[in-house]
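When the chains are written out, they are named A, B, C and D in that same order, and each has its own residue count from 1.
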């Protein structure tokens, strides 16, 4: 099997590090470049001691320069950059004929007005946002295969869209009734030296944040609205809790008239029963992030509550794997024509 | 000031230990007995090395025997016993004229049918349940002063009832719209040697449990229904997260017709503005359990979400202090005619 | 490549679970049986939800019965059993011609008097202890290849023997000067439902235990004495600290007359410079367990302290991987004639 | 009782916050000023939400200006400033006749050459270092009572000096044999926004640091040498472990000729048997930081190891309380003529 040549731009954060963890062991990929402004010249092992002794340990970071990246022969490029910076690299790389998988939010929002509302500035590249495919294989598998630009989904969105999509698509729940509460590990805040994310500030601490308007709502509602065929607005409260990795999401919503528990079970089986990275725990199981961390799985369970008539949907994922780098590699496998689970099980 | 003589029955668990922590430093209480079947004969310092060197360190546990407790001259007795056992001690102690503060759920539910529905067995002492006062000073201050039996509230209920009560009482929210998600530290599971609560099973783990019918719903809905003047049913999902202490609660609900954010703010100020243990963080603050652990405070914040029209209410407390032992001591202060904050600030 | 048929006896604990984690992804092994008295009939996915969706997820546990194990065609059997139970299975399995890798302490101690001193009972199978090979490939690679019974090393011993062995063997340090302090994650205590290992008892807790005579001293001193060519007695204090996985070891010792820092560096390079699972961090690096967890690496660093004249040796490993299951799989690779790193990088 | 007027300079870090926690509840102290360059104008409750609702919650930080501090009428001033800054405030405050308790290292080292060796710069105020009293009441109680400048001990030094002092003073151990390993919670690193102390970098991480020459060695060896009557050099390896608070120290050393276990026990009883903040756990107990956090206690245990002939001494303390702010308040009580335990039990 000839290996797909891969570059990673901006691998200094937690998502970039997770990408490296996956690519190092990926049997179908050849990592030809890692780039970073501040790390150029250092090897992967120097920057990430955990990767010493492994494949690519001695690969040195190069400058994040488009020409240099193209010169490496890379065919697929991951962008693991802060919000707002991805456009700068995405445009010339796509123009140069490389296929780009962006882990930031830059290309996820199709409606530039929504983007401006949530991100507080005009969209820098509407034509790329229009071109991009939302990189969730369970929803857009075929489009991903032929895409030139993948907007890889956010961590919260993955944990929220997947449990809701099959139900909204089938009209099984009332779109206006959705209340979402998510818990996230601290790696979700990035490798940023801020007092708020110091060990002592996060350990033995439980707190909500970005109430009531977290930026991820933009892409969540975009995809849920597409599923429902109508505008969906949800309540979403994210919480920061003291684990390194993992997101747990709990969703309350009202079933549509006449919907019973078995309709829900059937919908999930139909939509996800053959998905390699969705594990359906059914009406008795309960997700636990400790069973999904360091994997690309999303675990989903559901309950009907006869007391209130509501449904409770629950999901767990690793925010850095299925919620970021793992899902991006899943998309890469599709782009490269590899079996979708390559390097991910 | 003559000291109030106090006994603690069944102090081997985390709530009992927290009671001792508070009573050791309480300037108005004299601890005359601690009892425990399995610990009888050992001193407080032997059982709880953290209390060595403090007042009462050498007080020895005695058998949990009603006659012996009465013989100590105790006037107020805390019961820190497992569910179902409190009745056995509560009945004779009340009959003997002692005033009893029970930390279990045994006397909290007035409606024996509801009790049976949630606890799976007939209520053992309906007459005591009828007699008891729900020990939440913010709601029942005057009744507590003269009560002979206090049913001290549960940890989740305290964090949920307090933010909702003023709003339901004033008709500011729709009673059928309430969705509650709570996060609890592991001490809430008690000092029980079960694999599920081992360090390795809880650390780096996020999980919901008791979905959709946690027992605490019985007392939560009882008090919310009283506030609303109608039957209230809520959705409630508790989560176990890796902290020792603390509960964070996030509530979504719909305001009543015409209600605006300032109505909510006014209601909280009116209801709780002078409460010594409720800190109102308003429409900009956000509770964090690290600011309330080892205190008797509940922090409450709220938001109106113009996108969905819903309200988000947030609270944080220490499950062992305001959620258990601290609130019980607050009630003890009322029973004893002491300033309510004695030993709690 | 024809796959080596493998069985795992007693896979219900943390080491057994880690063995499964490694074997599921091992390209040269075919897992033909997992056994457990209490889990028989359940599948791997039911017992360990994290393995659902992976290879062998539907393999059911069978009874821990020697005849049944032999009947599966397994050629190599891992014993992941509590201390004292391994002999019961090891003897008949070896007699039946299977090759056995035991993760317990049962066969590690060659001197039955030492065994009795540390384990408090007569050795149940001295002839097997004599036959067994201590399964540390860095020391006994060739013997392991042809062994019929491997006594896989303990977690602390691996972290202690590896940094000391090259120095003692070369006479570079004074054997009587060794003081070892190790920190272990809580998985080292096993999946046992004891109050001492509850989340609340371990979180925010730092404590030494088994002072001054931990059982692992028996095998540590056995191997160090062999290296030194004389009897070595060390001071060893293990500590329980709140992480799930990982051991950090710090060793103080006096160099032999005339030994300088570069002798130490040379000795490590000579002994371990080509070892695939030992990473030498030298005189400037410092091991951190977060860089070795979920890997089979041991990281080793060293310092000469001119103020005291002593050496400080530091190591980090994952107690469940290089300290247990990973090292056992490394031995399996040798037994099976596979490249030693197969399935471990 | 007339209250002692107190100021705290530089209360923005963890030690300053702990000082406030203790002073808020201190019955003999009146806090008249808190100062901070960057926090001036904000109230204590705004800076530290955990103190909202308590005494002094509305006290506003003022500029760290000596004249303003003097103008408040403060008689005792705590300096909770970074290393190197304390001199700037200590000199004029002492000159103005205020009594100063400094929590930094600036005045702890009597020998300016040692200071320069460990801190890399000339001492800025040798005359104040000469004047200062090392603020460990167990060693210098009488001197503290009349001191004008207290150099409050460091966190590691407290945990190391206390177990060793009585033994060195009595000639019971060999001064050249001491090997110390300490584990510290992350609050010891201060409230500094550095990547190394982010939650994700510290959680699930165990690492040594400052090997082999931590700055605290200067004051440790100063005090141990005074106790021994000769120069003492020790090996000391500090470790960073994932807890918020607490230091655990394990010391290995050789007894002097003819010394037996009971000599050690007698020495501790003689030296510390009546100390209010030292709890002697003897030859069977083992310290655990969870029993000392949020207290001013140091727990000490010891063992003789007949196998090696060495002694093992173990201690646990809260690095922010007995290791910093609590010990400083203990000294304040002595300065103010209050019972030494006031506000600390």
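In this section, contacts are C-beta pairs under 8 Å (C-beta built on N, C-alpha and C of every residue); 3 or more make two chains touch, one makes a residue touch a chain.
Keep in mind that this is a model prediction, so the values were computed, not measured.
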item	value
A-D or B-D, whichever has more C-beta pairs in contact	A-D
Most distant chain from chain C by Cα centroid	B
Computed distance of Cα centres, chain D from chain C, in Å	39
Inter-centroid spacing, chain D versus chain B (mean Cα positions, whole Å)	37
Distance between the centres, which are taken as Cα means, of chain D and chain A, whole angstrom	46
Chain D: positions in contact with at least two other chains	185, 201, 203-204, 242-244, 288, 290
Residue numbers on chain A that touch chain C, as the complex places them	25, 49-50, 52-55, 204, 276-277, 279, 285, 288, 290-292, 294-295, 297, 299, 345
Of chain D, residues touching chain A in the complex	14, 185-187, 191-195, 197-204, 242-244
Touching residues on chain B, where the partner in the complex is chain A	179, 181, 183, 185, 201, 203-209, 211-213, 217, 233-235, 237, 239, 241-248, 250, 252, 286-290, 293, 303-305, 307-308, 310, 312, 314, 316
